[in-house]
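Every chain is named by a letter (A, B, C, D and E) in the order it is written, and numbering of its residues begins at 1.
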């Protein structure tokens, strides 16, 4: 019987600081020790993996590379024991990976539709592979809009990449920060407000939102205001997870396990569930 | 008990008296057993009795806490406050069957290098006699 | 794991390397988690040693430094400085004491090496959890408080005031001057005490920077260095000091004139209910002794109080009330002095029984030209033929709990014997002593001189004094000759020692500790003899331990200098190794508050999730970093910087691994 | 005596009628011998309240157990008081809580009930395994039981909880209203503990190691303790981690040591920890051991005086230190 | 399947035979606490008891279990799996607890297979013992169980006074029987009749009942936002008794432990009643109070689990009610739900 609790051994190959501060974010690239693992490790945008350090434990982290990228990438916010441990790591350090886990975004179902991605803070991490996935198949999708914000310029995740994306013609990028800063020419205010300002049309569109719980709450409310139906809205939920494979119990939202049945849920499903918090 | 048992003892010394007393023992080249390893705290009053339990759990065979003599605390009352805690945690540990030798307290002033040596020698010998900590030690 | 810790192992010449296998220790250290480099050097504290560390901090980007060398009590400050110079926070340093507590005390090399490695791994474990700390600065109120108006207090006040800072000098008696004012001549120079003291008293009175608060007592001290708030009780004198011109008409008129034992005269002379302690008193204003004054006690004094009638300037005011005044000051010099050992506690010497057994201080008044006998040595109107001095009364006495030497008695006895010889050339003078301690400048010479004046020094402690007929008999054993002897005498002078004065609540108000001799405890017996454990509070004179005048003056100037430093800098740095509270966890039970010996913690109300809750709040300036609160906290909400539970636990973990 | 149920209900009804009272915490009968804590909010609810020797639960735990959701910005604080019934031992928990500022006196309406001891219902359940409806009335030293219609009497001493047979405080020490007649207090003795203290370390550990090995770390002893009310217990923390979550003899023992030590000079001896333990570990014995030491060494008793400072934050210079080198 | 008979005086021989070849777990009583322990002497095993304090689930799903070991924080040393365990027999399982294994099988067997549980499950023969004296809080019949329910078990023994009636229920049970075939006689029809009537008699002793699983599942679906939950959960102390002593609760935590440089990843029982269970490192908690947690536990048992696995995650053993220190009576609560 295959043992799903045994992680793949891996090595950190690259570390980049995304944001600094008490809850800093770093992006890690990971390489498996065995090449056979790398070959078989395929995944969908929105899927996650248990990233870990032996001796500290594991944390469920959204994979923000694409399966055909030549790297496996995670962005980690420093929070608890494991994520702090990861932040203490340097290139060449050992890490472990289990996965890929979760359902991922149904990106293939969205073909032919406009995609509106609404992110906040580290919520950009799960959206990143969606952007790249769509960009790789640009013609198969309609308009692609990214609405993304953070508290301050220094809190914008993937800052460099975002600025690159802004240059692209077939992608609308709307950035925001919460409070005014010198030299900032984009929107100042909260993401849900920026969403209203951008005012995307719900017609033949899918809206995906990831970010802090309070932001999600208002983004969804505003999407509904804009005329999006429950089925057109997708988000991810972030519950505490331990096993990642639907056994340990804690990530349940009603009868669904965030690790197995999620983390991606359409609002149509989510709105009937008890006690979920998004991430 | 193996003949070669060398007890591992963790000592917490207050900065002002006992740590200085231990330093004095050093300056005076007073030799004592190497089994005791020191953690410096500013005052014996800082000693949370939980540290004693934790040390015994994490591999210490015995714990020594040493502070200033009563009335001579650098912080006036730290050792007095600590003394009550030590008395009670000791009673509690003994009640569940942890040997009294496992946890010792001494007052050693900055001028008592000789006393520091005697305390270390006594504590080490006592623990050597009773052997390894078993009750609380974590299994590997 | 990020490798940002540098470990430096010092050979200390051969002090460490002779017993600890440095190479092995370095190798082990380099394998510890987070260690970027483990290096050794002959003398780390030397310039090149420090340079090595500084270079690594910069080049390797070290974030923590572990020094395995001597005791942190020796060189922690040095290496903190090293870090600071390399722009690393000085609190990111941890020392492993592998000299005093390892190489110097262990002989077997392998065991010492293993222990050194364990100590280093504990230090590395802690270092990885250390956090940079910043020293907070607070403003200093540029004024000082000097408590006690004896020679020490006077000297401190003048020095501080001369430096340009305001001084409040608080004296409990009606006049400043203290014990020194009571003395006749001073040893070994034999100059008149009053002659050298009174000008200084006048200087104090006149000094524009000194506010003299006589007949006042400090009742509470709040706050912290730089910002003390002190409450002073002004006792009523029943005399308006602004009106009193010191003419003394009132004292002449007082019905009780000459009927009350004078404190200044050590009971050898008398005064009235309205009095000045002595003619040169500063301030020269009269005070009514409320416990004795008939009018104040009984509401009636003749038809009307005579003093009031006699007072030209109408200074007498029976309506005067006690006043509490509040002072705000930056630093405090404690110069509360001493008390003379109460001779009745040695009943075998018959002090209470015989009027011709007197104390050294009483002798001073007897001998003083301004004293009750105008300087004539007369007892019961007669000049004594035989005089015996008994030394070490109340000093060096384990039974009394006064193990210490009072330091002045030997010399004042010699001086007094000399004075007797001068005034009564034919008297037989015997001094019983244990050892004569003549350690000061010119002391031995003086002692030698006195011995040559026909004064008999007999080594041995007197055991008893009793009356036989007209004479007193002093029984003693001459320990040099090994024989018991009895000496007949007319006067016995007990060389009474000095004891700590009961200053009541002041001790607690100032958070002063006492050493086993009950004198106030200095911060360090050698290196910080003027400091106390309370920052901003300094000791001067005999409150710290018996001293003669030059020593008192020297310490007073030292204490003044100490007290001036914060006043002059205008800022004080607060040690950052203090407690702090995690407000999210604190449940506001207040056990830390009652535990704190410094009253440094109080409750404050915050809003948590919309609800008002009370949580502990540490006053950074009051906290002295003992950590007693941390150990008392049940929820782990309060922690001590650089000694957090987590940091100490990491050390335990490291030491647990054998 | 016979009126106690009426007295209780009357007292509760009066309390619940007050505008400034949120609810009355009392006891209500459940299935068989079970009695549950009950939150009575209306006069009608109070009809369900009882007091009998089956009412073992110390209701004070509920004063600090509430977990509050963040208060919405505009919302006003509910400043109403909580009324609760307390037995003698329970009242000491209230006093201790007030002394520790866990709750303030003016948040409470205390309904005191003198108590002649409560019953170890597991003993009754063993005797009457199929009982459905039970009434229990204290008749002096006997318990008059009506089990599914059949009456009988049982000597109380056979079935009292251990802590009750030596109860010094049958009557509440703090209350707004005292309901019922005061009871005779008993003398506490620590005979059992003294005897155990005489044993060798080996004998002691054989006894306790066996007990601790059984601990399943359900934390009921902690959670039911009216004086374990930290918002976040250090024993749950991961950094620093004082105990691991692994269930084994070492961690279990450390858990019990730390739990007990945190109650030093605070435990008021309500015995709820022991009653709650599903694994029959006599955890209360550890608390009693410290209670004994605290009394003997420091003449200190918690939960008597709301002004009392905590034991471990004070000292006397002459405190015993005969074990110190 | 076939039934057999085992004379009472040979019952111990059966246990002896089991001890010889396998690890035998049997109910053992100590300080009035009954739990399943590895036994070396047949005399240690209890035959007469109502039900154990601690259910036997921990034998297949230990409270603390090493998933694998590693050296320090370095992976170079590689990952080491715990050693294979011996064939195991659990003897004396009450039918309710036997059913619990069947329920737990679903969670450990859906999608990813949990090798630790499942391998142990495969290596373990579950020998049931019919219930003869249900406790006052037993309500297994409401949950499709009964004093002689066979689900989940490999064998079932029923006490018929002078003999035990043995039913072999699975191949695993059959194999175990065959190894010890000599001890058993074939049961007579009269034995079967006697057993059936005994079961009915025991069943009639069960006084407490709740609505059917289907009704519960439906009813709870309607009550998600009902204020009933808040009032009910107020009494809950948030301890782990009800979950730790529940034969079907299966939640766990995973932690890394490093001792003396040697590491292991461990899993240990966890309880959804604990606040920390769902608490994010960020401080966010989707089930912040006992109301949500208490509700979730009941929903998980009677609604979510049946929604997912078509079986209610409760066997009606009554332990949660019996051991709840706040006397939260689950059966009363379920009854109340029915009344809303």
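Simple rule for what comes next: contacts are C-beta pairs under 8 Å (C-beta built on N, C-alpha and C of every residue); 3 or more make two chains touch, one makes a residue touch a chain.
Here is each chain with its UniProt name: B = Hydrogenase iron-sulfur subunit; E = (4Fe-4S)-binding protein.
All of these numbers come straight from a predicted model, not from anything done at the bench.
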item	value
Minimum number of chain-to-chain touching steps separating subunit A from subunit D	1
More contacts between chains, C-D or B-C	B-C
Chain at maximum distance from subunit B, centres defined as averaged CA atoms	A
Central chain of the complex, centres being mean CA coordinates	B
Chain whose average C-alpha position is farthest from subunit E ((4Fe-4S)-binding protein)'s own	C
Subunit A and subunit E ((4Fe-4S)-binding protein), separation of their C-alpha mean positions in angstrom	39
Centroid spacing, where centroids are CA-atom means, of subunit A and subunit B in whole angstrom	52
Length of the line joining the C-alpha centres of subunit B and subunit E ((4Fe-4S)-binding protein), rounded to whole Å	47
Chain centre separation (subunit D, subunit E ((4Fe-4S)-binding protein); CA means) in Å	31
Multi-chain contact sites of subunit D, meaning residues that touch two or more partners	68-69, 239, 242, 248, 312-314
Shared interface positions of subunit C, touching two or more other chains	1, 584, 595, 632, 645, 649, 656-658
Where subunit A touches two or more other chains at once, by residue number	80-81
Touching residues (chain side subunit D, partner subunit C) in the complex	68-73, 75, 77, 100-102, 229-234, 237, 239-240, 242, 262, 309-310, 312-314
In the complex, subunit B residues that touch subunit D	49-50, 53-54, 57, 70-71, 77, 80-81, 83-100, 104-107, 119, 122-123, 135-139
Subunit C contact footprint on subunit B (complex, rising order)	8, 10, 15, 19-20, 22-23, 25-27, 29-34, 37-43, 45-49, 51, 54-55, 58-60, 71-78, 81-82, 85, 117
Residues of subunit E ((4Fe-4S)-binding protein) touching subunit A in the complex	67-68, 70, 72-76, 78-79, 81, 107-108, 110-116, 118-119, 224, 250-256, 258, 263, 265, 267, 270, 272, 277-282, 284-287, 292, 295-296, 299-300, 303-305, 307-308
Complex contacts: residues of subunit D adjacent to subunit E ((4Fe-4S)-binding protein)	30-32, 34-39, 57, 61-62, 65, 67-69, 122, 125, 129-132, 210-211, 214, 216-220, 222-224, 236, 244-248, 272, 275-276, 278-280
